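Chains: A, B, C, D, E and F, in written order; residue numbering restarts at 1 for each.
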């Protein structure tokens, strides 16, 4: 294949992958809008829109250079390479913002989004995928993380953990007597639509992360990556479905979709390394982890309306470990130890830096809405308009 | 003139309406309400936590009738709305002192 | 027999229901209404134009009780529903002449 | 004290509210109901089958006023809600025995 | 073009087509969620999710080998070839599950989905597109069915017919006095969204079925296929629209969208064989058939809430016949008789085998919910959660 | 690169772009369905469906030949070239129909759609991108308009202006005493979903308009085009967000999304001509224009429920001017004057011809629904079915 053909095809493929990832923007927005109460839906949609706008712009102006040095790429158009990388940024912040829905103010979160996308995330990328400023230091990472189980999902998850610790739970979520008040999803079709848009976006996320499709080997790698990605999602959904059915004889679709997403996160570190059956096991464990993690975080009083800690943090870690377990290959530098080191170094950095930044922002502009504002709903207070003004609310 | 309020099961509305219409009663006002009573609500499940939904959807029919029609109307409703299972609902009768038809200004019995 | 109608703040429904249930009152009918009163509605913003939403969501509880229970029940509701802030709502008591339980045909005090 | 219940066309709510507010009446409770009366419902069409929707959306205004204000208030509502076309709705007046303002515990005329 | 370039481009194109078809997963889910009553929406979404998960997994583990023998492909990555074929499976079952919405239990339907995707459908594919076990028998098929008017749509339709015969109608749908109670769609925007996602998915379905894009001729064939696919959908929608307007002076969008889908099904057997005007006629007839078939099935008391029999079964047959009528080409083995033989052989097999399997399942776990469960709604009984808990239901 | 490889890749890329644009069909449908009142939602969805069906069919039968002469293309499949061009047509009419929502009858609008897509729009394309019948006349245009700031967006906007002048405002929108009654969006998640589907479609719209991806230069041009398109959208959203926050301390998401769309329209004339920072300025101005234009048109009593005049007409003009301002290049025939000439010639033609056609149609079949019909809602009167029949309307 001539270099020009390869350049053209890889550019086209990067654009294709970018577009798929951008479907995750409405994907996250619909998922979260469906999971929160009707009085907070507009605010959630606004936050998702703000994240895409702000994070992408910050990455364009500052973050990309921190992560990769200059704009540039030999084997595809540098603009396509940028677009593909840019598509990732918002996801990290989405993970965080989703988990603090229904009580966090948009404006200070938007400030955090700027710092996350301009500094924190680019630094993580620099260490893992980019120009690697840690090279030759003792922190130098050689974790294998194809599409970001750690770099994207855990990083977002750690930031969320910091945010929940600082912001606290939604008013009324935990009763003084130690009970947990269930706050059900308000719009299940939106949840389902959002989950499937995310799922489809994942094909671009992971498939595109192979970096090239323009040789027989890389075409195989891309196709295998997408196939394994999908398989892990299937396995996550099925596992949670079976667990739900055995336990309750009821199929809670929100949990099952979270199981699918958990499976997808868990495969993300190494979908190109596995055979076609390993993802079944990895995804199934990913799904199970969600089922156990959701009530576990509730027991810790970490209020996470969309289950983002369980899906992204827990499975981000599991997925990165899974590479070390199932695809360890010391000859190519892939070891369980290297994976663990990556998880820890990035985890510490992501959590600590997010905590500091959120703590500082919280001092200046409180992140949490007052009880009255939460009662009335974020939509009216933060956005000035309701999501469904003509639909009668069933108190 | 009396007001008859009947709290019934939603799926019985059609039957009650038809029974009333057959008896020549052509005016009524209906609203959806939620009831709390002996009938148990159902359990729901969300993300691994079960919880009870106590309030059960019901329909309220409001109907103004002339005094002499109260008993027959109540009977009609009871017949049409009864399933014999718990949660069938209640009928309340209360006094009305005045009625006005907005369109014409007619009042009382003429306005029913 | 009396009908007690209480217009309250929606988020107080749970408290009122629990208070009544504790006092052994197990039947009530609830509906969602909108109130207009001294409590100000909020401003909304749409495409650069602000406007006021005057009507505020409230919940109406309807409760039929025997004559002698009226005062104690009203007190219970007042206690459970009060926040002390404007817009807490009102309670109205009115006469009821007849009650029928659809399921059994029982009437009056037996049907409450 | 009396309760005035007015069933009106939904799009007249704003006019009625304004008329009442102008007359100094600042409290009312509104709910959405469906009416069945002389006014015909409309036909709907679904996958080649036509069917009638009998129930027509209406708005119910509930308003407690002192006895002496009943007539003037009713008149106000009639004027504001009338279109002269079928389906304009009805007004019912019934007795109220007691009123309590939850916030303050004030009762009767003071609580209106 | 070198084989490697061709391999890469065809792999990429198969992935592209696969992704488009996966948009049909939310497509079907939204369409059906919009068509059923609010109390059954979560169950419908759950069923759609379950189908995707179960059918794809069964096809991976068993079905693909039955249909095609080994994983393998010369002219593109074998994983891409698998993904493309896997994307089809769920559709067959979707057609069936949609038509028994609002009264069928999820669990036994899921069992049927396993058998359908692991055995019945793969057998149909084996005969029509795959390794062809009927070769040299008198049943050997030489039906031309590019993207599955018969293989997918009729097969699903026959399974649905079997299911409706066994399960029966929804409670209250047909009155004892012989009347039909209309049960309108609960959410028309979702219906519309779903229909358009299906429409878009069809471009991948039919376009990808050409099998290769990597030569001038095949690029032309792909583009013509997509163009004709679209044209038939347009013609179906327009025809139904005109019929509705003449008859009722009202434009029932649910019927019009079904008309579009009918047009799309009817073109699916041979979109690459027609000139650019024939699809107008074929699609228009497809739309008309929907208008007549919907009340016809109701007269037979075959209760089909989403119109799947009319769209998929009737038009699947019509589309397969259309190839014999408009594109008969005995030199290449395309004859009307061959088409009819394909319709009949596959129809008999799909109907009989589905009937037997469903009948057996029904003996073990009843497929139909009780009247009380139907009254209360499937959501609460099957999934434990409502689709729109905060929205007041207008009795 | 051999011509065949190039032919295949460009065909594939045109199909890819076409598919992205078709996502704008549900995009517009959801956006508009979310912005209107619940009683008019089905009618809006029906209109969007009708437009896609009618406009595409008219363009196939008549319009394409008027615009481009014969079906034909050397460097890609002629069918792919047709599909890509066909995808544009509906958009022009969508812009118009959206702005007269909630009071215009579907049937006469559909008649207009036929004439627009068969005659008016093809003529505009002929002059700007097509076979150019004005060549050698004094009206010959040499405006640079890559993807249609003027050809699509202003043309649609002018048609809308004509329609609003003829049809007038919605009942009750402007009070006799000169007040403006606010009519809020009924379903904000749909608005958001629609806006992001449009955004994604735009990547195909503008990226595909480069016309080829099959060389290093054109691959770079495509990637830069998509990057700049996205950047302008981001800038539009951010600018409106900041303006809203400063002014009201509230983030009106419907306005912010309109700002994003305004930014996208404004970049559409020349995304391939700018460096990566200019789109920030162009899109920001685009967003600002929306903020000022929305109340401005209201002051003129031009009732536009979806803000289409502000987004498409105003920014279509601004975007075309922006090319003359930021990328004037007389050597290649790009001058501010040429841009202005294009705006004026096409504006006059589009407005006058639309006005005449709509005026004539209005004489035969009144475009506007009666007050009673508007009160009851278009859904029941035009389509016979409600969008959300089971959801209780909060008066």
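Here is the rule we use: a contact is a pair of C-beta atoms (placed from the backbone, for glycine too) under 8 Å apart; a residue touches a chain by one contact, two chains touch by 3 or more.
Here the structure is a predicted model, which is why all the values come from computation and not from measurement.
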{"item": "Neighbouring chains shared between chain B and chain F, ordered by label", "value": "A, C, D, E"}
{"item": "Reaching chain D from chain A through chains that touch each other, fewest steps", "value": "2"}
{"item": "Intersection of the contact lists for chain C and chain E", "value": "A, B, D, F"}
{"item": "Interface residue identity across copies chain A, chain E - same or different by half", "value": "different"}
{"item": "Equivalent of D-F within the choices A-B, B-E or C-F, defined by over half of its residue contact pairs recurring", "value": "B-E"}
{"item": "Chain centre separation in whole Å, for chain D relative to chain C (CA means)", "value": "18"}
{"item": "Intercentroid distance (Cα basis), chain F paired with chain E, Å", "value": "33"}
{"item": "Junction residues of chain B, two or more chains touched", "value": "30-32, 34, 44-46, 50, 94-95"}
{"item": "Residues of chain F touching at least two other chains", "value": "5, 9, 12, 16, 184-185, 187, 193, 248, 250, 252, 254, 383-386, 388, 391-394"}
{"item": "Chain-chain contacts as defined at top", "value": "A-B, A-C, A-E, A-F, B-C, B-D, B-E, C-D, C-F, D-E, D-F, E-F"}
{"item": "Residues of chain B defined as touching chain C within the complex", "value": "2, 6-8, 31-38, 54-55, 58, 60, 70, 74, 77-78, 81-95"}
{"item": "Complex contacts: residues of chain B adjacent to chain A", "value": "34, 44-51"}
{"item": "Of chain D, residues touching chain F in the complex", "value": "10-11, 13, 30, 32, 42-46, 50, 57, 59"}
{"item": "Complex contacts: residues of chain A adjacent to chain E", "value": "1, 5, 9, 12-13, 16, 20, 37-38, 184-189, 192-193, 196-197, 199-200, 203, 207, 213-216, 219-220, 222-224, 226-227, 230-231, 234-235, 237-238, 241, 245, 248, 250-254, 256-257, 260, 276, 280, 388, 391-394"}
{"item": "Chain C-touching residues of chain A, taken from the complex the two chains share", "value": "375-376, 380, 383-386, 392-395"}
